[in-house]
Amino acid sequence: MAAFLARRLGAAVLVAFGVATITFLLIHLAPGSPLAGSGENPYVSAEAIAQMRRNFALDRPIHIQYVRYLTNLLRGDWGLSFTMHRPVLDAFRDALPNTLLLAAAALLVDFLLGVTVGTLQGMRPGSRFDRVCSAVTLTLYSVPTFWLGLMLVLVFGQELGWLPVSGVVDPALYHARDILGKLWDRAAHLILPALTLGLIGAAATARYQRAAVLEVIRQDFIRTARAKGLSERAVAVHALRNAVLPTITLFGLSLPVLLSGAVLVETVFAWPGMGRLAFEAIQRRDYPVVTGAATLVALAVVAGNFVADVLTRIADPRTREAQ
Amino acid sequence: MGLAAVGLLYLIALLAPVLAPYDPAAQLDLVAGRLLPASLAHPLGTDALSRDLLSRLLFGARLSLSIAALAVVVAVTVGTAVGLAAGLAGGVVDAALMRSVDAALAIPRVFLLIVILALWEHGGIAALVLVLGLTGWFGTSRLVRAEVQSLKQRDFVLAARALGLPAWRIALRHILPNATAPIIVSATLGVGNTILIEAALSFLGIGVRPPMPSWGNMIADGQAFLATAPWQAIVPGAAVVLTVMTFSVLGEALRETIDPRTR
Amino acid sequence: MKPLLAVRDLTTEFAMPGGLVARAVDGVSLDLYPGETLALVGESGSGKTTLALSLLRLIPEPPGRIDPAGRVELDGADILRWDAKALRRVRGGDLAMIFQEPGSSLNPVMTVGSQITETVRAHGQPDRRAARRRALELLADVGISDPDRRLGQYPHQLSGGMQQRVMIAMALAGNPKVLIADEPTTALDVTIQLQILDLLSDLQRRLGLAVLLITHDLGLAARVADRVAVMYAGRIAESAPAARLFDHPQHPYTEALLHAVPRIDRDVARLPVVPGQPPLATQWPTGCRFHPRCRHAWERCRGAEPSLLGTDQEHLARCWLVDEPARRAP
């Protein structure tokens, strides 16, 4: 286990380093400058701009900036935002929990719904249920995330008026409420964005899980389980314990994908999370925030892979001895 | 049937200038003609700048379908070349190429696209196609490499090699034709997927940029009028869904008919 | 004596793509008596595995279908008419089965112990502790040393022979009367094959099991079987007590099979198989189904299919030669 962890950690560092480097290069090679806007502003003197360039070390050659960025990153200093005038980590500390909450809720919808539906479909291929669900998942799979968000806003927010459609809490009423009221307010705001992200993920998960179950129920050991006189439920358990293995890999890949999908959903629902923060930072050329966000994505990739690996080792005994 | 549907889509896209009742960019009547509901004059109504929605939808189809198709051509070309190279060369070259592909696949594509497109904002449509294509070939290269790996062991390739044919000739004449079926299937599914991504990017304002009409930026325009003129967002979104579904159905159908592995 | 398991006119079909129907088992009748070993022998594609799976109704439906006109009677009760619950009781209960590939027939992600105990618990021993004790006994019964440790292991940690022993232990969990063994040694090394065969004979004697052994290997049948039924093209071609079948085969197909048995004095094992291709289940030949490959065939064989013929009920062959021995080609 120790060797396994060490190897994973090594790979993790490499991936994080790679993504940070690629992003750094992309940003610094891109045309335009973070201070371009200031240069057109008649109230900002050339001296002040030069001062800013020095402060942010933008006057240094790119390889110096790169080394500086990496060493600072390792020391836990993610730099100062150009536009928000605060440390990058501070800004992340406000935004990240919102995104993580959204991602967690979406993952829950995604896998709970996707695995259940896909399994039921796979156990009865060709049934009416299977055909209806296949049509639904195929449709959902073709729906742009942001558009599904807008449609949910239209139906549940506007027409029915059941749920709030923007922000994390109700800014006017939240503070006046008691604990339960506050909790409900948060949950209500979470439902639509989490459904938007989760439903589309669930469509993919269900298709994946259906294929996995179909593959597994053809296997000899399922026939053995039936030949032993087990109930269909017990047979389904046999199938499921094997069919989750590919889905676990999918789970690991979902985390970073959800984070980038969050950019769109956060835009639609005015959700103050990492996606919006990063997107606005990219548009304003706020280098430290963008590279910081990229580093977070790299961490998510690494974390996703790691979680998938650990879960696979738990679920599949065959992977345990393979050192 | 899927083929016919895709053909119809491209026909519509091709004939957009003929079919569209108005110039998609023309602001027809900024005083009285804004956000009109569907009528005989405007079958799908008009938008906030009094432009005809149907015309914009048709020109949007033209753009979205061409961008996706061209991007997939780029992706398939690069992916096939890399996959062939890796599969035929083997050894260190193979390992290096495939590890790089693994690494690239680890980065979420949408994130990568956002960073690139938001930074290079003046690239235009050609850059968009190129960037979509160059971030989309990783899967294809793996697929082609796997095909090459298995075909390499087959008798007819071994025979060709025994005859002393050069490697590139074996690749082009003997291996590639046998690997076409899975490539076509993945390309078909790729077009649908690319349309989705392009719509997302255009929605964020970094894909197809206004005033050029694309389904993604039409939805973005409609977002502001969800309360008063919801069809502004509904119609282009429905167009995306139908189009992507068509490609998915076609891809699945192709997989079942021409891909020998599923038989 | 009354048969323990009586199969009558069993027919199993599969719907194939293109509207074709493959009648893999076509009107087969068999008797299995208490305590005996009956070997069902045939080439691959002869329908012997489909027959075995049909006995437990393990044929996937669709595309498979067991003709309701047939009967599979266990102690006089027809399994084909039972509901799902009764069927579950008999599967792994009175009728247990082991398979060709122990490696893929065991669930790779569940421990040996949990796979045995769940079978014990499904058949009248719901108590967890008692089921575990029973699993330990069963493992010891099939000759697995250190059963305590084995219970916690996963199938991939065991050798092929050990895996088949686990399969046998699992089959014994419900105290079966009949054990159906579908090519139980084909996937194993030669030395392990003998061990498993010995184990099966030993268990049969100790527990009074009736064994239906399905194999393509006549040598193996000769070693353990009391009676042999040869299957060809979905039908029983010949059935007889083992010694009589080997000494005086009546059906040309059985003869050909006997010639194909590998011998120690011949180097090429199993190579001289029966000449010609086995027919397809979607289009059995008309007349005698063996006639396209038979060196004795004459007009009658092409025109009409013989029923099982014989001078006494113990030795029957589906061949016109029984009727007209003079037609035998030299």
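Chains: A, B and C, in written order; residue numbering restarts at 1 for each.
One rule holds in what follows: contacts are C-beta pairs under 8 Å (C-beta built on N, C-alpha and C of every residue); 3 or more make two chains touch, one makes a residue touch a chain.
Fair warning: this is a prediction, and the values are worked out from it, not measured in the lab.
Shared contact partners of subunit A and subunit C are absent; no chain touches both.
Pairwise, the chains sharing the most contacting C-beta pairs are A-B. Farthest from subunit B, judged by the mean position of CA atoms in each chain, is C. Subunit A and subunit C have CA centres that are 53 Å apart. Note on chain placement: the centre of subunit A and the centre of subunit B lie 23 Å apart, centres being C-alpha means.
If you average the Cα atoms of subunit B and of subunit C, the two centres end up 54 Å apart. By the touch criterion given at the top, residues 103, 106-111, 114-116, 118-122, 192, 196, 199-200, 203-204, 216, 219, 222-223, 226-227, 230, 233-234, 237, 240-245, 248-249 of subunit B touch subunit A in their complex. Interface residues of subunit C, counted against subunit A in their complex, comprise 53, 56, 58, 84, 88-93, 96-97, 99, 101, 104-111, 118-119, 122-123, 154, 156-157, 167, 170, 173-174.
Per the touch definition, subunit A reaches subunit B in the complex via residues 15, 18-19, 22-23, 26-27, 30-32, 138-139, 141-147, 150-151, 153-154, 158, 256-257, 259-261, 263-264, 267-268, 279, 282-283, 285, 290, 294, 297-298, 301, 305.
By the touch criterion given at the top, residues 219-221, 223-232, 234, 238, 241-242, 245, 315-318, 321 of subunit A touch subunit C in their complex.
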